[in-house]
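Consider the two complexes below, in which chain A is the common component and chain B and chain C are the respective partners.
This part shows the complex of A and B:
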């Protein structure tokens, strides 16, 4: 057991690194060396990663530690997700060293990333609707600014604008949903909401059901699930590629952890089913999100946009974790499929971040964005292309990386919970996704190289980040076992 | 007290009306600044609910949360105005339908 305040050490590491950057940059504003900025950010992120990893694997927080009168809770799930945020932030901070090297406002860039990561780790611990909303905004507001970071670039500004407009609308819908739930239950604390939920669902089914549905809508925005996915392709394509990596991996995981906790702790399905059957809602969302994401990805001509749609498709796979909580097969079947969702987000944090960072590398070389521009790239940058091949095949679910194991758990878990048709839709979509992922691989390795393309230098930090992500992705194929127990225990604790 | 004479349902109707007005504005306005104002209406609709039901349930959580929402709305507007400023610099207008360089 760890002492109260120490349990928040992972979030504290993010905050301290952000504040340290404030102080460091105050000495000579705008002139601090990129190495110091990236180093402090990566140090803070690795601190968060190490602290959450140690707490998680040592079982120090098993059973959950409640802080601030139950407003925050540190348990297996929050630590597992903080571990994801820490690893993604560390990779992004290292990769950004090369990417933003020549750009103004670098210190602000790193600070915004760290503050968004703080918001995400608080989202993972939020145990009341008030904290959920405040931490969600703490994660969102820096993200809007980060997407529009290249302020002279039309794509970046447009992506930021669309992200902001849809984000502002969704957070307003979320807070209205919270107000309706408060109206019918009289509390914002998730455990108290759960106590009052059964009565509220019976007495005011309309108000309570609408409130829950609006909260689900607000969370669907954060996870880029259909029908709140419209911002995602534009924001991911327009944003600087490291920011796309950060948003599509960490920010999506943060949305999911919040959804898991609010729905499972605050609105237990057996007491709210009279007003709103959210399992059914998530079944519809999962099928739509998987199918629309994958079909749209298959029609893209630009690699980054393809990855953006594929990231929507992966949100669909993770939604199976909530959609399969039908009660068939008992609590253990539910814990298996929910734990599999968490594991998929963990693996996804590495393989998807790596894929977007490879795009960052290509953007750094300024050799174009379409599949054709990648032709024959393997002759000039073989090492990076091996890494990209690993990411693509792991995303598709082939057994070269952890993506295979987590998808296997997910689909097997869905079958075990009696929703075999969800697993079937998922498997069909995975097969389709192999088509567009292998297009990238084919372009890099098989097509003839483009004439006259030269790559002047190979940025060390970007390479380090891409290769680290690739090594971890491969390692997670046999090594996901390390996190298995923690994830399934965390899931079982919620059910 | 006011609430003893005005039933709580009336306040919900009021907040739903404000919410619908805001939603209508969000969906129809092309000017980014008017869009921001409409989002403020949406948030204030939620604030009405929070404050009324804090009184109804006889506790203070909802009122305090309404203050949080007001503060966050201000922060959100600050970010929004910044993005609208760069929108104006890049596209020469604050019309949200102008920014269409990224398409399917």
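This part shows the complex of A and C:
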């Protein structure tokens, strides 16, 4: 057992790194070396990663540590997700060294990333609806600014603005939903909400049900699930590619961890099912999200936009974790499928981040954005293309990386929970996804190279980040065992 | 576990290492990998001899799983393991001895002749030897299958060694495809065995032959069939692989073509080891076949028929290696006959002696081919005996052994095959008389074509310029020939059953029989098989008069026929300038020269039947399957582009869509939740 304040060490590492950047940059604003900025950020992120990893695997926080009168809780799930945020942030920080090298406001860029990561790690620990809302905003507001970071770029600014407007709308929906739940249960603390939920669902089913549904809507925005996904393709495509990586991997995972906690702790399905069957809501959302994400991805011409839609499709796979909590197969079936969702987000944190960072590399080389522009790239950058091939096939669920194992757990868990048709939809969508992922691989390896394309230099930091992500993705194929016990335990603790 | 069994994996790993070395560093190795290969096989030979000696002295076998490929909870495990019993220990010695001698001989045949691609050649030999040895020590059918396939792959690579010419690649493909056709059934059989028994282990009370025995005794049924019927199906499926590899009718057509490979390769894989794999496989799981009288009868008949059928074709061939190729097919027919007729010991005895004298004959032919500057036509040879005495003497010994002339090794083993078949036929299995008659007729033909080959090659006047002035051969050719020449004379001594019987049992000289029949606790010994054959297949022995009378009668008959065949050949082809007599056969000659049109009908099967079937399947695939797939993908893509249109890029539309969807959800769940 660890002492109260120490349990927040992972989030603290993010905050401290952000504040350190603030101080460092104050000496000569705008002139601090990129190496120092990226280094401090990566150091903070690795600190968070290490702290959460150690707490998680040592079982120090098993059983959960409640802080501030139960407003925050540090348990297996929050640590697992903080681990994801730490690793994604570290990769993005390293990769950004090359990406933002020539750009203004670099210190602010790194600070915003770290503050958003702080918000996300608080989302993972939020145990009351008020903290949930505040931490979600803490994660979102820096994200809006980050998407619009390329101030001179029309796509970046437009994406940022759309993200902000839709985000504002969704926050309004979320906070309105929270107010309705508060009105019907009389509490914001999730455990108290849970205690009062049964009575509220019986007495004020309309108020309570609308509140829950609106909260789900607000969270679906964060996870980029259909129909709250509209901002995602535009924002991911417009944003600097490392920011896209950050948002599509870490921010999405943050939305999911909040959804897991609020729904499973605050609204236990057996007490609220009379008013609102949220498992059915998620079944609908999962099918829609998987299908629309993958079908739209199949017709894109630009790689980054394809990845944006594929990221929506993956949100659909993860939603199976909530959609399969039917109670069929008992608690162990539920724990399996929910743990599989967490594991998928963990693997996804590496393979999707890596794929977007590869796009960042291509943007850095300024060789174009469409599939055709990638033609024959393997001749000029074989190592990076091997890494991208690993990401693509692992995203598709082929057994070259951890994506195979986590998807297998997800579908097997869904079958075990009696919703085989969800697994079937998932499998069909995976088959479709292989089509558009292999288009990238085909372009890189099989097509003839474009004449006259030259690659002047190979940025070390971006390469390091891409290759690290690839190595970890491959390692997670046999290595996911290290985490699966922790994930299934964390899931079982919630159910 | 004793030290020797801890070293058993090295028997396989040594040649495997030589394969890897020759493959990757062959160009820099001494003699392009030949030295490493010879050393590795010499080490393997040493270890095999030590293993055999250990087993002989202590009687302690070895049967252990070595590596688990798939560890399954519900169904069956897939494992690799090592089984050393009498059969595999003896086979190890045979394979490694021949492999070693072939490596040495290759120095003369390949290196001295300056052939291209030597590292590739030695890599192939190494991998072949390793796969064959692993096949021999396999403790279960699945592992045996895997290495059986590797052996097939290596033969493909080695036959096609001179791939820039026309014939070798085509012969390699043929060998690969024909044996693959048999292996297809084998694979189905392996799966069938695993599903039926939950194990594919050969030996011990947990092995599938013993489980099969118990199932038959308990009268179990499988998939609606009686145990014996179902096991016969499995046995025939596995037999498909064995017939393919051992070139038995109708799968024999690949072997003569495979002579396109380098001659040492022919000696190693088409005489002594790979072709032996089929016979070995049947012997390996003999405890299973001994339960199945129908399958045994099929094996005996296929064997007897192949022995005769191949021998008739050998009679008219003009090329020295072709004669040897058909004689190989014919001799493996004898081994199959012995297995089918219930004589496990005789089959392995003949396998042993044949490995020795056939390797000798092929290497001797290789020596002649070197001398003749790679001309293989016997009508251009003649008179070589004075020019190459070592080759002549050893080749003659090998030929006399092949012809079954007393007291050379082939006489003893072939005689035992025939004797055992005869007494089982007399003992109430009259069907075996048919197989016996065919095998006996083949004895005459064997004597004939063997002596014809010797006379045409070595005797008479030289019939070409190269034959007058042949190319000399060095120690690396003469050494293997001498070793094998001595063995071809004396190898029969390992199992002098007739002598033991004539002496009334006072002389114990049937060493091999005693060795194979000894019970070492694995239920793979000859004694156990005899009981099974007696109880299940109804094989009993009976004699004409007494046992000794029958013995003398049988031996006299086969020796007489062999001498008659040899004498006729001598009469027809002796003298300084022998004449061709095959024209006198008329239409029969055409039939024989075309190998009974076996190739033609198989080509028709491939082109007329398979190609048509394939193109029909192709049409179906292109039209129906691909059509469905294409339709699915175009539907997906058009659905995708419609979905794309929702994404207008106008943020007010997004907000409107979000709110409308939320409202729709609210309405649906309000109705479902009953709060509207």
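Everything below uses one rule, namely that the second predicted complex is superposed on the first by the 495 of 495 C-alpha atoms of A that agree within 3 Å, B and C clash if a C-alpha of one lies under 4 Å from a C-alpha of the other, contacts with A are read in each partner's own complex, and residues count from 1 in each chain.
Methods note: a residue touches a chain if its C-beta (ideal position, glycine included) is under 8 Å from a C-beta of that chain, and two chains touch if they have at least 3 such contacts.
All values reported here derive from a predicted model rather than from experimental measurement.
Using the contact criterion defined above for the overlaid structures, shared-chain residue A:145 touches chain B, although it does not reach chain C.
Contact with chain B, but none with chain C, is seen for A:187 once the two complexes are overlaid on the shared chain.
In the superposition on chain A, A:134 contacts chain B only, with no contact to chain C. Legend: residue contacts after superposition of the two complexes on their common chain; A:274 is shown touching chain C, with no touch to chain B. When the two structures are aligned on the shared chain, A:234 is found in touch with chain B and with chain C. Once the two complexes are overlaid on the shared chain, A:67 sits clear of chain B and of chain C alike. Once the two complexes are laid over each other on the shared chain, residue contacts for A:154 go to chain B alone; chain C is not touched.
When the two structures are aligned on the shared chain, A:162 is found in touch with chain B and with chain C.
In the superposed model, A:175 lies in contact with chain B only, and not with chain C. Touched by chain B in one complex and by chain C in the other are residues 161-162, 165, 169, 173, 233-234, 296, 299 of chain A. The touching residues of chain A, when paired with chain B in their complex, are 130, 133-134, 137, 141, 144-145, 148, 151-155, 157-162, 164-165, 168-169, 171-173, 175-176, 178-180, 182-183, 186-188, 207, 233-234, 237-238, 296, 299. Residue ranges on chain C touching chain A, taken from their complex, read 633, 636-637, 639-641, 643-644, 647, 649, 651, 654-655, 657-659, 661-662, 665-666, 669-670, 672-676. By the touch rule above, chain A contacts chain C in their complex via residues 161-162, 165-166, 169-170, 173, 205-206, 209-210, 213-214, 217, 227-228, 230-231, 233-234, 274-277, 280-281, 284, 292, 295-300, 432, 435.
Contact residues of chain B toward chain A in the complex are 12, 15, 19, 22, 26, 32, 35-36, 39, 42-43, 45-47, 49-50, 52-53, 56-57, 59, 61-62, 64-65, 68-69, 72, 75-76, 79-80, 82-84, 86-87, 89-91, 96, 99-102, 104.
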